[in-house]
Structures are given as C-alpha cells and as structure tokens.
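Next up: the structures, one after another.
The two complexes that follow have chain A in common; it is paired with chain B in the first and with chain C in the second.
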Partner chain A sequence: MRNFISLELKKILNKNTAIISLLFLTIILIPLVQTARSIDVLDDEGTIHSGIGGWDILRERTVEGTMTTDYLLQMKQNYENSVDKPYIEGEVDTDRKLGKKLMFPHDMLNWELNFPYEKYRVLDNSLNLTNEQLASFYEDWKGSFTEYLSNEQNLFPYTEEQIEIISQKMQKVSTPFVFKYDSGWEYLKIGLLNTIYLFFMFLAFILCEGFSKNRSKGIDKVTLSTKESRRKLLSYKLGAACVFSTIAYFAYIAIVLLFVAVVYTLHGWDSSVQIGTITFYSMNQLQEALLYIAMGYYSTLVVTHLILFLSVIFKRGKLVLAISLIYFYLVNTYQMGRGALIEKVMVFMPQNFINNLIAIEKLYFVGNTVFPYVFVALFLGTVYILLSRIGISIWMRRYYLQ
Partner chain B sequence: MEIKAENVTRTFGTKRAIDELNFTLPEGVYGLLGDNGAGKSTLMRILVAIDHQTSGKVTFNGKDIFHMNDDYRSLVGYIPQDFEVYPAFTATEYLEYMGALKGLSKKELKHKVPEVLQFVNLEKVANKKVKTFSGGMKRRVGIAQAIINDPKILIFDEPTAGLDPHERIRFSNIISEMGQDKIILFSTHIISDIEAITTNVIILNQGKIKEQGNVQKMLSGIKGKVFTEEMDRERLASFKKEHLIVRIRQEENAVSVRYLGEQESGAIECEPTLEDYYIYLGSGSHA
Partner chain C sequence: MSYLSKLNRSKILNINVFGFLLALFLILTFYNLDTIKTGYLNQARYEVTDGTEYRYFYQPEVLDEDEINKILEKYRELSLPEDRNTADVADLPALDMIIQVYGWDWTGIRDVSVEQFYQDRAGIIRSVQEEEGSSREGNSNGTFAAASLSEPIRMGYAEGWKNVNSGMSQCVLIVLVLISIVLVPIFNEDETLGVDGLVKSTRFGKLKLSRIRIINAFQLSSLLYLAAVAIYITPIFFMYGLQGADLPIQSSPQFFLSMVEVNYLEQFLINLVIGYVAISLMTGITLLVSVLVTQVYTSYAVLLFIMAVSYAIQMTELFFLKHYLGNFLPVQMAEFSSYYSSYESYGGISKMLTVPFISVVVLFVLLLILSKLVNRRTHFLHTGVG
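And then the complex of A and B:
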C-alpha cells in the first residue's frame, strides 16, 4: 500500500504546493522576527541595546548555576550591584519605544524567587528578599501552592481537596533547580503557539481538495467508479495526507528551531522546567520542548483529519479552505484573549493542544487522580481522529458525483 | 448478462435530466446518441453507480446495482466525458493506481499493466509522464484503465471528442475489438463513429428515449426518402424552405444537397445513414 500512498502524495505535491510552501515560510518568519526584535537589553555598562543582538548580551550576562542557597545569596548580591536594579525598581525612567520590552538577566530568577511571597509576585521583578527567605526558598516555594491555587482564577476552580492533592505533588518536585539562560526554549514554545495557526492554514491550502470534487487532487469520476473507491482510496488519501503533514510539520519545526538557534541559541536545554512553568513534573527545558513538539505533531494529525473530513462533507475545496482559514484565524484571535468561556472553549481546539500542557493552572481531576492538559489534549485528539475517520468512511459510502 | 433500466428518472431541482427511461442492454455494443443536454452523461453516471437515480431502478442480471454496490463497480470500466489523467503520473503508475482501486493484486497488476498498455499501443511510453501525452494518447490511457480489470460492462462517455481522425479510427477499432462478452455503451456526437462501431443505438432527446434498436431497422423506415441533388446556389434558398436538409456540400459551380423527402426531378436516391435518420427524428416527421 505504501506505493499507492506515494502516488497520492504525487497528486499533492505540485508547483502550487511549492509556491504556497515558500509563501508560508516567509509569513511564519514575520511574527518570529517581530517577537525577537521587540526587546531592549542593558549591557554591563548600562547601555541599552535594541533588537535581535540583545539576546547575545542577555546570555552573556546571565549567571548560571544550580540554585543552592549559596548561589541564591550570590545572585542577590549580583542583583544589588547590577546596572539593572535601578531600572527594575523604577528609579530610572526610560522612554521605551512602543512594543519594546526592557529585559534583564534576573527576570526569570527573581520571578521564581518571589513566587512564594505573594506581595512580591506579579509585575515586580525586583529582589527584596531577606537572606533567611532565600535560605528557606524551596521550603517556602513548595508550601506556597495552597495559597496560590486558592487565589488563582482557574479555568475550573479546584476544590480544597484537589488543591491539597496538587500541593502534595508539588512537595515531590526535585530541587535544587538549575537556572540558565534558556530563552531559546522559552521562545520555541512561544514561537510554536504564535505560528501554528499559520501552519494549519498552510495545511488547509494543500489538503482542502483531499476528498473534494477535483480531477487533479481530489475525487474524480473515474476513481469514484472503482470497486475500492470507498475503501482503499480512503486509506491512500488519509495516508498520503498524514505523510505530507508529517513532512511539512517537521520542516516547519526545523525552520522554527533554526530561527530559535540562530537568534536565541539552544543554550540552557538542561535548566529546570520550573523556571517559567509551574508544574509538578521534574524535567528540563529540552524535555518540555520535546513534549510541545510532539503535541504539535499530534495536533497536526488531528487537523489533517479534520480538513479531510470537511472536504468529504462539502466536496468543494475552496469552501473547505475558506471555513478552515476563518476557523484557524478566529481561534488564534480568541486564544490570545482571556475569559472563562473562551478558555473553556479553547480546551477543545486542536490549535490549543500546545498551550499550558503541564501547568498546574490547567489540571483535570478524575476522582483523586490528576491529569495535566496534555492528557486531555491527547484524549480529545484521539476522539477527533477517530470521529473524522468514521465520518469520512460513512460519507464516502454515499459519495456521488453529478 | 444484461443491464435493465426500469422507469429511471433523475431530477436536478425541477429539471428532469432523464425521464422514465426503460431499456434492456444484453451483451453487445450500443451507441448512445443525443443533443447536448439530452441526458446521456447523466444516464452513464447512473450506470456506473457514481450518481443515483431519483426514481426507478437499474438492475444487473436482476440485481439492483445500488444494492450490489462495490460488487457492481468491480464489473465496470468507465471513461467520463471530461476524463483527465493525473499529470504527474507516468502511464504505468496511473494504471497501477487505477488497477489497485479496481481490486487487482500486485501480482495481477504486474502482468495486466503491460498487457493493456500494449493493447492501446502505448507500451513504448509506459514510463513517460502523462502530461507529455497528446489528447489521443491520454484517451488511450483512459481505455487502458477502463479495461484493466477485464470489466463486463464498459461505459464510454464521448470517448472520441477532441481526437484527430487517426485516433478516432483507432479508438473505434479498439471498441469493436472488445465487443464480445461485454456490454459496451458509448455516447458520441459523431454519428459516423456509431455507424463504424455498432448496429445498436439508443437516441435520447430531452431526457427521454426517442428511439432504440437496430440501426438497419431504423434506416429501413426512411428508405426511398433520402436523395442528393446538385443545384445552383440561387435555388438553394427556396429549396431549403421546402425540404429537410441533411447536408449541403459545395461543388465547383453548384451545391450538392442531401435531403429527406420526396424525390425531385434530377435527384438521386441514396442509401440512408444514421445521420439522415437522426435529422429525420429531430424534425418530428416520423411522428
């Protein structure tokens, strides 16, 4: 059967595919470049550097290490003496250009250290903790989740019992954390979330004719008149679409990774995931990134099936394309917004299957067993794929052409 | 072996594309004739089970073809009017692909593909991309795919449209060669193609069967009514008003007119052709 999947692939791959691919490649680089350029960074002399070059300075100025008490005390000292402090604490008023964010090597570390103490948390990345607080950081950090989860406006508010279960899991997180410059890994996730809807739009362009009435890419009268047109053809087409989506997805990931590696570097892969994500899973940034990449792939397969399902229902490639583009655009627009209803709806969207995968703000309970969103996304994705396959199979049985 | 249509009607909105068709097709070759919009393609799509009738029934050996479903499709070979081959495929790839969709195993495909390519005289270009083929060659690929599963029923919708004279003759011969042990139905606008291939014809008009049966039998009805006469061009205008004209051929100093009707002085009686009969039917004179 593999041979016939390759023939179906030949139908998908043509000059138009190449043009659309190049166009897509150009378009996805736009938000990536915009994000990368939107920073200002101070060097050791206090001079502000703008744009992509700032990431080099940020990396060079980040003091990396295992977050033992000695390290934290040293970091506090560094912060006190740093050129950043007056900026962070608002003593120096800088006239920031619109859309530019002044970033500091201490940002993430200070946020992490302030986390157990609510009064310092949020928006303020200053470091005003006492040596005693720093010495008991992990104890305070692990003990802060009951209060944090009680105050946090969650998607589905947790009961006291559930908060207790989460807090107990947080007690088991491996410490001390490893702190490194890891912007590449952080922006890989952000880059995926910001551009995957464009990738799905690209898939819609290529696959919208899948089961549509189309003599060169979709279903034509001759193939429909054959014995296996409602069985083998379905497998060939789904197989070819999945192979294409797989190749396209990993090419897309390669491009995003290449961009991330060039601009931010892939440095800091072994830093702790807890620097940036509040989760009870002990893993490093590389492992988390691989999870996001894997889930991106899974959502790609889901979207591939959904596009083909639409094509068999409507039989008109252009209509499928229009519906898909509007849907991906709207989901992307609302994904950025906040609100209980939007967030509840977003849970079901394949585009959102790479968002907050393991964070404790998005956990689901079945009895006393807790599941992060990644499991929900996997479950939903499997349901979507199965329903799409069943739907395509049913619709193909009553597929007629006039 | 026979295909039987009983009161087959297909409507699109309020339009009846085919209307209460009844016919039986035993083994043999049948030509389907009719003007544009007569319902030929609609009927053919129903006969290959890619469209469904609004009412009525089509049976193959007594079984409803829509209940037979894939079993029926495995008996069918089809070339639609707008036949296209995937341009990126080679002839071999396309035939392997279609063969697989027709349920042939890889082992069967291995000997069937070269066999049908040879039959349509395309074995030398077997591994060339179809996009480099002429219209006639593409049509021959169409025939090859239609016969690769050795079908009992062959439906060709205007298979000679757009072909050059050589290709048309070649195509006609191919259909004639295949005519044994099969039901072959082909539609065309080119009446001489039907005459060259078969003696059985169904004539459709506005979705209804206007005539069906043996061509010779039909032609006997207009025997002694077809004539040719040479005349000068001035006379032609008034002649056209009084007679049913089949053809006007320009001669050196005059015109030769083939017409249906009563013999005029100077007119020579001709053997009637299907074209004469078609004009005769269209005129309503037979009614």
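And then the complex of A and C:
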C-alpha cells in the first residue's frame, strides 16, 4: 500500500518541481523583504534611521517588563523624557516621504494603555494618562468591552446578551500582562497572511496535473484499466499530494521563520497576546504563533484537496492552474476589503483561515456558546475536505479519457 | 511554406480562442470606459458627469499674459487647496498650472508678464532636473532646451487624446500578459500527443518548422496588439472625440512641466511604437523561455517569476537597478507617462530615445540566440517520471 504512495510521490518530485520551488522561493521573499524594509525609527539621540536595521534599534530601545503599576508609572516617566514624545505629539514635523511613518518602541504598549480611555478607539500612541488611570488600568480595561463592542462597526453585530457574555469572559483574562519587543511574532502572522497565496499558487503549479489526461503525472489508459485503478488510485494520489504539500508547507514555514528570525528576531515569545490582539484567551506569542502555523497547515491541506478536485473535474491541468491562480490572486486582493458582501464571503475562503483567529471582533455564537473564528475555520475546512473527497470518488468512478 | 505557416498559426492560437480574446477585450473596453466616466464623476463637479461636457467648457486659448493675470486676480481670495473645487470648470487647467508654478499661495504675486511666468516655470523645471541629477549621480545633464520654454502654451479640449494616452499603458500590460500565456506552449505543444520527436526527424521538422514558429509568434503578437489597440483604444475616441490632436501635451496639467515637445497625436504615435517594442521584447523573452524550459508549467512559473522580479525592481529604491535594468523590462517600458514627465537620461540622450533603441538591439540579440538554441535543441521531451 505505502509503496504506491511513494510511487505517486515520485511522479510529483522531479527536476521541474525543484525549479518551480526555487522560483517561488524568490517570489515569496519579495513581499517579505518589502514589508521589512519599509520602516523608519528614531535612535536614542533622535536621528532618523530607515530600512531593515531599524528593527534592531527598535528592539534595543524597548523597555520590557511585566505591566505592574510600578512599571507603568516608570514608563510614563520615561515617555516624558524620551526623544519620541515631540514626534508622537506632532511638535516636530518629520518631513518624511509619503507612505512612510515613524515607528516607536512603545507604540503597542501605549495603544493598549490608551484603549479604555480612548473615545471611538482612535489609535493613539502617546502616553498622557494620569497616575490614577494607570493604577486602575486593568479594572478599566476589563470594564471597557461592553462599550467597545456596542460601538464597534461590525457587520455581524452582537446582541446585548452576547456582548455581556463576551465582557464576562474578558473579566477572567489573567493579568498583569507582559510587554516585550515582539515584532518577530507580529510580523510572522502578517508575513503568513501576505504570502500564503503565493504558496498556494505554487501548490497549484505542482498539483494541477494530478488527475488530468496526461501520461506523465496524471492518468492514462493503462492506469485506468488496472485492478486498483479507480477506487484505490485516488487515495494513493491524494495521499501523495498531501505528503507533498506537508513537506512543502513546512519548508515554506521554515523559510518565513528564518526570515523573521534574521530580520526581526524571535525575541519576546513569552509576551502577552493581549497586546495587539483583543481576545479572552490568556496566551503568549509563541502559543499564538503555533496556532497560526497549525491553521496554515490545515488550510494547505484544504487547498490541496480543492486543487485535486478541480483537476478531476476538468481533467486539464492548464485550466485548473488558470482558475486557481486567478482565484488565489482575487481573494488576496480583496482580503482586506471592507464591505458587507466581501467580508461575508471571506469567512469561507481557505486563504482566510489564518486571519484574525481568536479576536473578539470575529466571534460566532451558537446559542450562548462562543466560538472564535478558528473553530469556524476548522469546521469549514473539514467540510471542504470531506466534500472534495466524496466529489473526487464520484467523478473518478466515471472517468473517461475520451 | 505558407501552408505550413498557416497550419502552425492555427495550432498556436485557433480561431475560437482568438475570438474569445477579442470578446475579452471588448468587455474590458466597456469596463475601462466606465472607469474613465467614474473618474470624471469623482471630480465632484455638478456640471460634469462623464467628461464630454468639457467640449463646451474648454475654449481654445493661449496661456498668455491676459489669461494668467485673469486667473491670478480671479482666485486670489481662494484658500487653496481646500477650495480648488469652487473655481470655474473652464479655469481649472490654467489654475492647476499656475499652482504648479507658484504653489498654493500667491497673495504677493501681481501683474505677471508672459516672460516672467515662463521663466519661473523654466526655473522650476531646472531645479527639479538638478535635484534629480544630483541625487542620481549626475545622470541627467544637458537635456535642457531653453527655447521651447518661453513660448506660451496653447490650450483647449483634448479629453479624447488624454484618455487614450493614459489608457495605452493598461492596454499594453494586458497584451503582455496574454502574449506570455498564449505563446509559452509554442515549442512544447506536442506534450500530450508525444510526437515531438517524430516531427523533429522529418525533412522540414527542425530548421524550417522552428523558423516558422518564431515568425508566427511575432505575427500573432503583432496581430493581438493591433486588435487590442483597435478594440480597447478607439472606442474612447467615439466618446470623447478627436479634437485637440495638434495641442501640445503641456496643455494638460499632468505634463505641464514636461520637456518633451510633442502634440497629442505625436504622443499617441510614440506610445504606439514604444508599446510595440515592449510587446516584441516580451515575445522574444517568452520564446526564449519556451525553448530553454521544456515543460509548460515550468515555463509559466519562469514567466511569473520574471513578472514578480520586474515588479520588485519597480518598487525598489535602488536607482542603479531601476535605471539600468528596470527601465528595459517590458512591464516598465509600458509606463508611458514616465517618458514625458521624468528627466531621466542616458548620457545626455533622453530616455524616450534610448530605451526603445536599446530594447530593439536586445531583441535582435535575443533572436540570434534563439535561432542558435532552436537548431541545437535535439533532445526530445522527457516530461515527468523520474
């Protein structure tokens, strides 16, 4: 049995696959490099630096710690004396080129601290809170979600009971938070979201011939007339494709991680996930990253099945490739789009299974039970895999070459 | 020979696919016209719905002393840029031009003479040129032609030409993508039949057939390009008219500071030629990829890679890379407005002459390599297993 899978795998792994992998490796690096180099920071003396080196400066300037009241008061004092303050509060004009914006080491922390006191949730990275506000930060933070969720412009608005349920869950978040430089982990998520469509395009290139009329990778007369052809062949082919995409996915993740480690470093893995994401799960960045990587793998499996399903329906590799490329490209283009239809449709896209997995803006209710998007994604993915497996076996039964 | 050519041509792009492509162009045309119309609508002027109204607003006139001073006096109290939209529609082009010369605030500027105005404009052009030159290692020098800068600019209605010339880039880009898709299988189309080896061993198989394939590829890309221009571009003329062909491109605020002395018709013809060079270069590159890489999917991946890399070069800030490589890539060559608005030059000769000329040379070198490679390629297709 297993020998057949390895034979099918052999068909996939050849010189051309190696060439295509190398080409896509470069293509995937392009958006990563672009994101990484578009940064401007201030150093301790107040001079502006641009480019990849900025992340080092940002990391060195971050004052890390557990966010107790003492720490927060200390941070307030630091802010008063910092070189960042005049830039943040607009006293000094930066005169930077359009499209660039200065980043400061404590942006995330200050946004988080301002959250309970900020009307309309304008992202504010200054730190001008009173000592009393800082002392009662956690109470205010936990109490602010009823108001936040009622004002949120959400396309799936929550009812009042639901908001109450969420607020109660937020009360149980374990405090104090840990604040550290964690750009590596933030940009791991962003990098995955920005490049996974390219990885899926790569899979489409390799797997589009899976069940097509073709004597090399696909199916020809001889394969169709053997004993094990129809029913079992498909499981071998599916197995081989899944093995291939597993290897490819972990190679892809390794590359993204390597890039992140070199540019941003993997520093700050144990800082709290609540800084940056609003969620009621008490996690650290490493756990969240593992969740995203796992979901990326799951959506890879889903996409593998969908490509093979298309391949068995159309039987023409080029058509499958064209459809998949256009599809992945379009979904990526409209991923960030705001609009009733787009946001509703995006929930169902496998590419979106690594987006906003646990945030409280994207919760789903069955009765009074709360499900974050990650569960919806898991459920949808399972449905897709099952449906395409059934579909493939039905179409395979009546597969004719002429 | 002609029979073989005809047969091969229909094999690469049969009439149904060609018809489908033309239909696709037609759909894109309607979409494009709609975009142009929405663009006018988004100017938020109640007098203007789709831009054709400008026929009645723009009168043929010259940007001379009277006109300049009239605008200066009329809008002196206007607080720019917020209130730009309250100016009269007919005055907008002249207003935009004066803004480009004197900035948002011209309270102190009164009774400007023609010479003064055009000298100020020349000063701005010179300073931009010098700025580019100093930041780019002195690469733009000696392109300054002082004579053309003092002549008052004639203005008037030319929306048809403006829209055509800005739509050309898009048109060429679409054709570039289509060509690379259609022409990739040209040297490995027999994969499913598996008779490539057989064909090669016939009398005309190798030399003649491959020569015909190359010729056919260029025929098809020319045909596709002309069809695209005809379908995609000419409807704009039906809507916005042919008026204003003899106006200088400087009469459009977009090219007001341009150093290239052409009128709209000439600009269109130049774009047409440069577009054709870009298309031919892409055809050459695609053929080369098709010959070098035997498998179709790998060829597509290589082309995608080339597109991605040219995109990356376009985005980079390294002037060296952009100047000596990026400008010669087909995708970048189709950015027509850059030929008129940038002051980039290669050793004193403007970009508009250098880039197409060098591309043609590169294309001939490509063809030379191609003919050598095609004749040498004797190995048969080994697709897939092992």
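The rule is simple: the second predicted complex is superposed on the first by the 396 of 402 C-alpha atoms of A that agree within 3 Å, B and C clash if a C-alpha of one lies under 4 Å from a C-alpha of the other, contacts with A are read in each partner's own complex, and residues count from 1 in each chain.
Everything below uses one rule, namely that a contact is a pair of C-beta atoms (placed from the backbone, for glycine too) under 8 Å apart; a residue touches a chain by one contact, two chains touch by 3 or more.
Keep in mind that this is a model prediction, so the values were computed, not measured.
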Contacts of A:K101 with chain B and chain C, given as first, second, both or neither: neither
First (chain B), second (chain C), both or neither touched by A:N14: both
Partner chain(s) touched by A:F205 [first = chain B, second = chain C, both, neither]: second
First (chain B), second (chain C), both or neither touched by A:R230: first
Partner chain in contact with A:K344 - chain B first, chain C second, else both or neither: neither
Residues on chain A lying within both footprints (that of chain B and that of chain C): 10-11, 14, 215-216
Contact footprint of chain B on chain A as seen in their complex: 3-4, 7, 10-11, 13-14, 215-216, 220-233, 400-402
Residues of chain B defined as touching chain A within the complex: 12, 42, 45, 48-52, 70-71, 73-74, 76, 78-80, 82-84, 86-89, 93, 96-98, 100-103, 142, 145, 149
Chain C residues touching chain A - in the complex, by the definition given at the top: 191-192, 194, 293, 295-298, 300-302, 304-305, 308-309, 311-312, 315, 383-386
Chain A to chain C touching residues, read off their complex: 10-11, 14, 16, 19-20, 23-24, 26-27, 30, 34, 201, 205, 208-209, 213-217, 317-318, 321
